[in-house]
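In what follows, structures are represented as C-alpha cells.
One chain, subunit A, links the two complexes that follow: it is found with subunit B in the first and with subunit C in the second.
Coming up: the complex of A and B.
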C-alpha cells in the first residue's frame, strides 16, 4: 500500500481495469452507427459531450473572440469611427449573449456528459437520447439566434435585454425576437442536459462510490445542474412574458398599462446571478480534480469543498438584486442584498484555502494543466476581491455599469472559468485522443493568456473609476482614458495569440502528439484506469470503489463484496446483445437495477426540430407552424419511447435476476423514471413560482388591482372546477391503491374517473377564463390573469393525457401489484397539478380580495 | 471643457468623497488580503519540501482560519463601513435643497427647475455648497444618471420617480453621462453639472426664466421663420415664439449652453453649423433628422440660434 500513497505515485503505475475477451463485442454493441445517418442518430455520451464542447468552442471563437477584437479596435483611440453605434451595440449584445448562453454552459455540460460515466465508473449517461436532444436544441437554438445576421435584424439591446428598450415599442423589428427565441431554444437544451446530469450523478455510479467518495467534479456538476433547473426556469418564464408582450400585445413590461419596467430585471437577475456561479462551480470542480494530481497529494478538506459548493449554490439565489443597486431600491433591501453578496466570500474563501493547503502539503509538478490552475488562483482571487468591493452599495453606485465592472467580471469569467477550462482540456484531452498535448506550446498558451488577460482587463478597473461607462461605442478625447484603452486593445491581441497557440497545439497533437497511455499524470480517479481513448462503453467490467482515490489506494479495481464482484464480472459476459448499465443507490451506491440504456435514435433530432419549429413559427408569425411543431414533438416523443425488441428471453432475464438478486429492466429503468417525474414536477413548480412572483410583483406595483373599470370575476365556476380537479387527484390515488392491492378494476375505474373529472374541471375553467370580460392586451392585470390561468390549464391537460395513456395500458393489463411505477408517477404528477391548480386559481380569484 | 478628469476618485462633493473613502478603505484591505494570499501561494509552491511530510491536522486549521475566519472578519468590516457610509449619504429632502427634475430621453436630458419655472437641457446648474435634490424619471426607456465626481448613479425609470441628492464643494463643470444602456446613441448622452457661486447661479436662473431673445437684424429674423418652416418647431420649444414642440430639447436659451447634442460638441458657431446641418453625421441614429435647408436659410437659422442668449 505505502508505495501508492500520494507523493510517491509513479507515473502510470496505477491499476487498470480488466480487459475481458468480450471487450471487442461490447465495444461494437455500444458504438454509434456509422455514416451520416448514423451520426444523426448518435446518442453515446462521448459523441454528445464532444459535440457540445466543440460547438461551444466554435461559438466562443465567433462571439467571444471576433467580437471582442473589433470592439477593442474601435475603442483603441477616442472618437474612432471604425464601427458605428448600431454595429457596436450589436457586437456587445452578441458578445455577452453568446458567451453567457452558448459558450461556457454547453462546454461544461459537454465536459460533464463526456466525463461523468468515466469518472463515476459506469457505461453511459441515464438518458442518452435526452442528451442528444439537449445537444440538438442547443445547436439549433444557437443557429436560430445567429441567423438574425442573415435577416439584418441583429439583436442590439444588450445580453440583459432590459425592458422597455427590448419591448415592442422601442425594438419593433425582429432582432429581439431572434434573441428571445433563439436563446430560448438553447435554454430548453440546457435544462434537458441538467436533468440528464442530475440523474446520472445520483443514480449511475460504480458500486461502492458513495456520495462522499464521488470525485469533486461530479459534485460540482451536480450542484450546477440543480442550479440550472432553478435559474433557467424563471428565465424561460421571463422570456415567455417578454415574447408575449412583443408578439401578442400583452402588457407585462409596459408601464403605460399596468406593467412594470423592473419586473424583467428581477426575473432576469434571478437567473443571471446564479448563472455566474453555474459557470464558476464546474470550473472549481476541475481545479479540485487537477490540482491534487499535480501536487501529488490528496485534496485537503474534501467535505469542506463539497459544503462550499452547495453553499454557493444556495446563496447565489439570494443576491440577484446586487445587479440592481442603482434602480432605486429602499435602504433595507440594499443592505440585505449587500450583505448576502458579501457572505458568498466565505465559501469562496474555504475553497481557496483548501487548495492552498493542498499545495502546501504537496510538491508541484509544473505541467501545463497545473500552470492554468495556478493562474486561475491568482486571477480569481483578484476578481473575488473586486467582487466584494462591488457588493458594497456606496462604492457600487460609482462602479456599477462602468469599466470597473467589465474588468471585474472578466477576471472572474476568464481567470475563474476559462483558465480551469484550459486546465481541464490539457488534463483530459489525452484521455480521448490518446495523445498528449505539447508541453512547450502549452506553456506559450498559458503565458500569452495570463499576460494578455492582465494587460487587457487590469486597466479597465482604473478607467472605470475614472468614469468610463460600459457599452459606449466611442468616447471623447481629453478625459484621460486614452492610454488605458490603448493598453487594453493591445492586450486583447496577446489573448488572441494564446488562442492561436492553443488551436495549433490541438492540431499538432492530432498528428504527432506523444502517446498518452492509461494514466499520463498519475491521476487518482477512475477515468485513468481505462485505455486512452476509452472503449465505447468505457468499462466491460464496471469498477468497484472503496475510497475517494481508487487508483492511488486500490490495487484491484474489481474486488470487494462478493456479490458485487460477481455482478460486475457477470456484466462483462451478459447481456451482449443490448446495452446494459447499473443503477446504484443514491447515497450508498449499492447496485439496485440492471437496465437497458436507450440506443441510437433519430427521434431526439426530430423532437429538437419540432421545438425549434415552434420558436421559429413565432419568429415568422406563422402561428400555425407552432401547431405543426407541437405535433412533430408529440410524434417524436412517441417514437422516442417506442419499446425496443426485448432481444432476450424472459428465462434469461429471470435467471440473471435470480443469480444476482437484482432486477433486470429491459424496458427501461423504473428508478430513473421516478427521478425523471420528480424533476419534471420540480421544473413545473419552479415555473409556477415564477408566475406567482410576476403576479404579486405586478400587484404591488399597481395601486388598483384589478384596475378601475374591471371587477374581479366571481369565484363560483373556479370553485367548482377546483373541486373537480381535486376529486380527480383523489381518484388517481384510489387507482394507485387499487393496483397496489392488485385490484385491476379499481385501477381502471380510478384512472377513468380521474381523467373524466379532470376533463370536466378543465372545460369549466377554460370556459370561465375565456369568458371573463377583460382581455390580456389592455392591462397587465388581464395579461397575468390569462397567462397564469392558461399555464395551470395546460399543466392539467398534460395530467389528463397521462391519465388516459395509463388507462390505455391498464386496460391492456400491463400493470401488476409489483410493477406499476408509471401509475405511481402519474399519481404523483396529479398531486402536484392539484396543488398548482388550487394555488394558481386561488391567487387569481381570491387574493385580490385581501387588501 | 470639463476640468474634471479623474472621475469618481477625484471627488468634488461630499457624496462622491464618501464613496471614494469607501473605495480607498476597501482597496487597502483588498491589497492586504491579496498580498497575504500571494505569499501563501508562492511559498507553498516553492518552499523546500525536504523531508517534510505535509502538515497533518494543521491543514484543517488553514481552512477554518483562512477560509472562514478571515473572510468573516473582512466581510464584517467591509459591511460595517458600507452601512456607515449608507447612513451618511443623503437620500433627498434637505430643506434648502435646489429641486431639479431630470427626465431622460433617447438620447438627451430634459432639465426643469420647478420652483423657478426654468427649463433647459443637458446642463444642470447648481450653487456651490448647496444640496441639489434630483428627481429622476424617464420619458422612454431606462437611463441612469451619473456624475462621477459628484456622486453615484441612480436610474431614470419610466414608471417611477427616483430621488437623490448631491452637492459640489467647488465651482466647476463636471461631466455626467448616461450609465444604463439605452439604445443606439447611449454613448453620446452626456451632460454637464455646472457648479457656480450662488450669485452666478441666481443670475443664471434669472436669464433662463426669461422668454427667448428677439432676433437682432433681418437675417436672424428670417432665421426664426426658417425655424418654423423647415420643421424645427415641431420638436423644439422656444419660449415666446410659436415653437412649442416637446420631443427635442427646449432651445429658448440655447446660446447660453456650453455644449451641443447632449455634451457631444462644444457650443461654438462652427459646431452648431455642423450639428444642424448634418446631425446624423455627428450622432448617427439620433432622432433629429437631416433637414433639406438651403444655404441662405441655414445661415439665417444659425444666426437666429446663436442669438438665443
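Coming up: the complex of A and C.
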C-alpha cells in the first residue's frame, strides 16, 4: 500500500537492488578469510564497524555502568563509608575518561564505518586497512589504560587531568602515565578512523548522490570526522607535553620554571569542548535518519539541518574557555567565549525546530526507535537550556564545579547522545542480524531509561544550586542534600534496569527475533534496498541515485544516465579477481575512477602493536622498547603498502577505460591517495599549530624570553639547514615533473638529490639543536625549543624515508607516466614539510628578536 | 579523460561560498582572542581612541571588517542561489546553506565583538 498524499511518502513496496548471477562470486571475493588468523587479518567494514561498536559497549558496561552505580551508592546517604576518597577519585576519573574516550566516540565511528558503504551506495570504505588499524589501536589503548588496575595504579586526577595535580610533583606514580599513554593510543585510533570516514563520505558515494542528496547521517559523521582531526590533534600534542614533563623532566606546565598550568587547560579544552559536539553531531544524524521514516514524511529543512551541523562544528571550536571561566581570564576574553557559547544555541535550535516541524507535518508510528527520538528531543532541550545558562559568566561562577553542571552534562550526553544511539541500534540492528528487536522489550527499555535519567539527573540541578560540589566522596548530614541524593541513587538503578532489558532484548532477538525482511520500517535510504544481512560487498550492481530519498522516489535503483548505467552493470561482471569499487566526484558524484580496494592484511594489527609498544615502553621507562616499537611500525607500514600483483595488464585496464571512459587504478586510487596525503598534511599542520600556540603562550607568560642567563642561539646553521631542505623540496618536484614526462632518469636523480639534501639539512639542524648550551629541563624556554625543533626534524625525517622508499621503487621501474601516484604524494608532503620547517625554525630563532 | 595525476586544482567556488562565513568567523575569533590574550598579559596596546581602550578598538575594527567580508560573500551566495533556478541542484543547495551560514556567522562575529564596546578589556 502506498500513501501518495502530498508531502507524505510510500512506506511499503520499496525497490530492491538487482541480484545478478555474480552475487555469490563477489560475496566470496569480498569476504574476510576464516579462522582466527583470518579474523586478525579482517579489514572489511562490517567486521571493523561491529568490533568498534561491541568494544565500545563493553567499555560502557565497565566504565559507564559499574562505576556510576558504586558512586551513587556511596552518595546515597551522608557520611557514607562504602568507598574511601581515593577509590572515589579513581571511580569518577575512570567514569569520565572511559565514557568520553572509549565509549561514545568508538561507537559512533563504528556506526559510521559499518553503515556508510550501505548508506552511500558503495562497496567498502576507502582504506579498509586503516579502519582495521583504527580498531586495534582503540582496543589496545583501552586495554593499556585499563591495565592500570593490575598494577594498583589507577588514574585519579579526573578525566581532564589538570596540571599540576597530574604532573610529576603531585602524581609521581604510574597512574597518570597509564591515563596519558593508554588514552593516547586510543586517540591515534580515533584520528585514523576519522580520516577513513572523511574520504569515504567525500569520494565513495553512488553515482548521482551529490552532496545535496547525501543522507544527513553522512553529513553528520563528515563534520564529526573533521572535528576529530582538529580537536584530537591538540590533545595529542598536550598529552605529549604532559608526558615529557612527567617522564623527561621538561617544564611545560611548571610555573616555577617558566611553564604554565593554564596551558594544559587550554590544550585540553580545545579538544574537550568540541568532543561534546563530536559526540552530539552523529547523534543528530541518527535522529534525522530515523525520524522521517517513523512519521512518514520527508524531513523539513534538509539544507537548514546541513548548515546547522556545519555551524555547530565550527562554533564548537570557539567555546573551550567556558570551562575556564573561573581561572582568572580577562573580561574581554570571558565575553568572547560567553558570546560564542550562547550563539551555538541558534543552530542547535534550528535542528530542534526542523525535527518538530517534521513530526508536526507527519503521522507518527510509535515504534521503539521513534520513542527514543522523542525522548532525545525532550531531554536534549532541557540539557541545552541549562547549557545556555552556564554560558553566562556570572551564573557559571556560581554553578561551576557544582552538581548543577553534572546534571546538565548528563542530560546532554545521555539524553542528547545515548538516546539517539539506542534509536540507531533499534533501527539498524535488523539490517545486520536479519531479525527485529522485540517491541515490548524495546518499550520497557525506553521507559526505564527515560524515567531513570530524569529521576537520577534532575535532582542534581537542585542540589547543585544548593551548593553541593561535584567530585566529593561524601557529605555531612543536615545540609538539605540527603533526599536529592537518595532520589538520584534510586534513579541510577532504574537506568541499570533499562540496560538489562536492552541486553535481554538483544539476546532474545538473536534466538527468537522475527525476520526483518529487507525494509522493515519502510525506510527511504539505500541500506534498505539490500538484503538483511547484506552481502559482503553490499552492492553487486552499485545504485544510481536521483534524489534524497531514493527508495521513496525511485522504482529502479540502477537506471539513469546511459554511461553510468553501463558502468554500474559492468562492475557486477568485471573484475571478479580483485575487489573493485567506484570513486566519484566530491560534490557532483560523477564517476571518476575504478580502483582496487585493499584486501585482508596482518600489517594493521602489527602497526597497532608497534604503536602501543611505543607508549607501553614509555610507561615502563624502557626507552629502547620505544625504538623497537618505531621499527615495528616502519616494517608494518612497508608491508602494508607493499605493491600487490596488478592482477591485470595495462592493456586490460585501457580496454575497460575506453569502453566506459573512466580510469582503472589497480595500483591504488589517485583521488584517494591525494585526499589521504592532504589529510596527513592537515594533521601535521594542526599539530604544528598546536606547538606554535604553546610556544607563544609560554612566551607571553614570561617577561624575559629567553630567560636570563640564556642567549639566543645564532641562526647561521639554521639558515644553511633551511636552504638545504628547501632545495630538497625543489628537487622532489623536479622528480615529479620528470616522471610525468616519462623521464625515468630525472625521476631517480630528483629523488636521490632530494633525499641527500634533506638528509644533510636534517643532520646540520640536529647537530645545531643538540649543541645549544641550554637543556630542555631547566626552563620552559628550553623545553619548547627542543621539542618544537625535534618535531620539525621528525617531519623531515619522515619525508626522507618516503623519498628513499620511492627511489627504491623508481629504481625497480615501478613508476610510469600513467602510474606514479606515490611520487605525486611524496612531492606534496615535501612541500608541506618545507613550509613547516621554515616557519618552525624562524619561530625559534627569529621571533625572540622581534618580541 | 586524462588519467594523469594533477595536483593543481583550484579551490572550487561553491566550497568558498559555502564555508566563507564559518571560516572567516573562526579566523577572526582566534585573531581577536590572541590579541586580547597578548594585550592583557603584556599590558601592551595601552592607548585609547574615541574613548575606547586600544584592545577594544582593535577587536571592533577587526570584527567589523570580517563581518563586512562575510556580508559580501553571503550576498554572493544568495545571488548564486536565487539567480540560477535551473542550476545543478547540489550547487544551488550548497549556496543556500552558505547563505544561511553566512547570516549566522555574521551575527556571531558582531555579537562576540559587542561586549568590547562596553567592557574594560583587561
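Keep in mind that, in the parts below, the second predicted complex is superposed on the first by the 831 of 851 C-alpha atoms of A that agree within 3 Å, B and C clash if a C-alpha of one lies under 4 Å from a C-alpha of the other, contacts with A are read in each partner's own complex, and residues count from 1 in each chain.
The rule is short, and it goes like this: contacts are C-beta pairs under 8 Å (C-beta built on N, C-alpha and C of every residue); 3 or more make two chains touch, one makes a residue touch a chain.
On a predicted model such as this, the values are computed, not experimentally measured, just so you know.
S.K.: Please work out whether A:523 is in contact with subunit B alone, subunit C alone, both, or neither, and reply first, second, both or neither.
M.R.: After superposing on A, A:523 lies clear of both subunit B and subunit C.
S.K.: Which partner does A:331 contact after superposing on A: first (subunit B), second (subunit C), both, neither?
M.R.: both
S.K.: Spot which of subunit B and subunit C makes contact with more residues of subunit A, would you?
M.R.: B
S.K.: Contact-wise, after the overlay, does A:213 reach subunit B, subunit C, both or neither (first, second, both, neither)?
M.R.: In the superposition, A:213 contacts subunit C only.
S.K.: With both complexes superposed on chain A, which partner does A:363 reach: first (subunit B), second (subunit C), both or neither?
M.R.: The answer is first: A:363 touches subunit B but not subunit C.
S.K.: Regarding the shared-chain residue A:820, is it in contact with subunit B (first), subunit C (second), both, or neither?
M.R.: So A:820 only meets subunit C here.
S.K.: So, does A:64 touch the first partner subunit B, the second partner subunit C, both, or neither?
M.R.: neither
S.K.: Quick one: classify A:513 as touching subunit B (first), subunit C (second), both or neither.
M.R.: Neither partner.
S.K.: In the overlaid three-chain picture, which partner chain does A:588 touch, first (subunit B) or second (subunit C), both, or neither?
M.R.: Second partner only, subunit C.
S.K.: For A:701, is the partner it touches subunit B (first), subunit C (second), both, or none of the two (neither)?
M.R.: both
S.K.: Do subunit B and subunit C touch any of the same residues on subunit A, and if so, which?
M.R.: Touching subunit B in the first complex and subunit C in the second, residues 304, 331, 335, 338-339, 342-343, 346, 701 of subunit A appear in both lists.
S.K.: Can you name the residues of subunit C that touch subunit A in the complex?
M.R.: Going by the criterion above, the answer is residues 1, 3-5, 7, 12, 14-15, 19, 22-23, 25-26, 29, 32-34, 36-38, 40-42, 55-56, 59, 88-94, 96-97, 100-101, 104-105, 107-108, 111-112, 114-116, 119-122.
S.K.: Touching subunit B in the complex: which residues of subunit A?
M.R.: Going through subunit A, the ones touching subunit B are 7, 84-86, 89, 156-158, 162, 164-165, 170, 255-256, 260-262, 297, 300-301, 304, 308, 326-328, 331, 334-335, 338-339, 342-343, 345-346, 348-354, 356-364, 374, 377-378, 381-382, 385-386, 388-389, 391-402, 465-476, 478-480, 701.
S.K.: For the complex, give me every residue of subunit A touching subunit C.
M.R.: Listed in rising order, the residues of subunit A that touch subunit C are 210-213, 302-304, 306-307, 310-311, 313-315, 317-318, 330-333, 335-336, 338-340, 342-343, 346-347, 587-588, 657, 661-663, 670, 674, 696-697, 700-701, 740, 817-818, 820-821, 824, 827-828.
S.K.: Touching subunit A in the complex: which residues of subunit B?
M.R.: These residues of subunit B touch subunit A: 1-2, 5-9, 16, 18-20, 22-23, 26-27, 30, 33-34, 37-38, 40-41, 44-45, 47, 49, 53-55, 59-60, 62-63, 65-68, 70-72, 74-75, 78-79, 81-83, 85-86, 89, 91, 106, 140-142, 144, 146, 148-149, 151-155, 157-160, 162, 175, 177-188, 264, 284-285.
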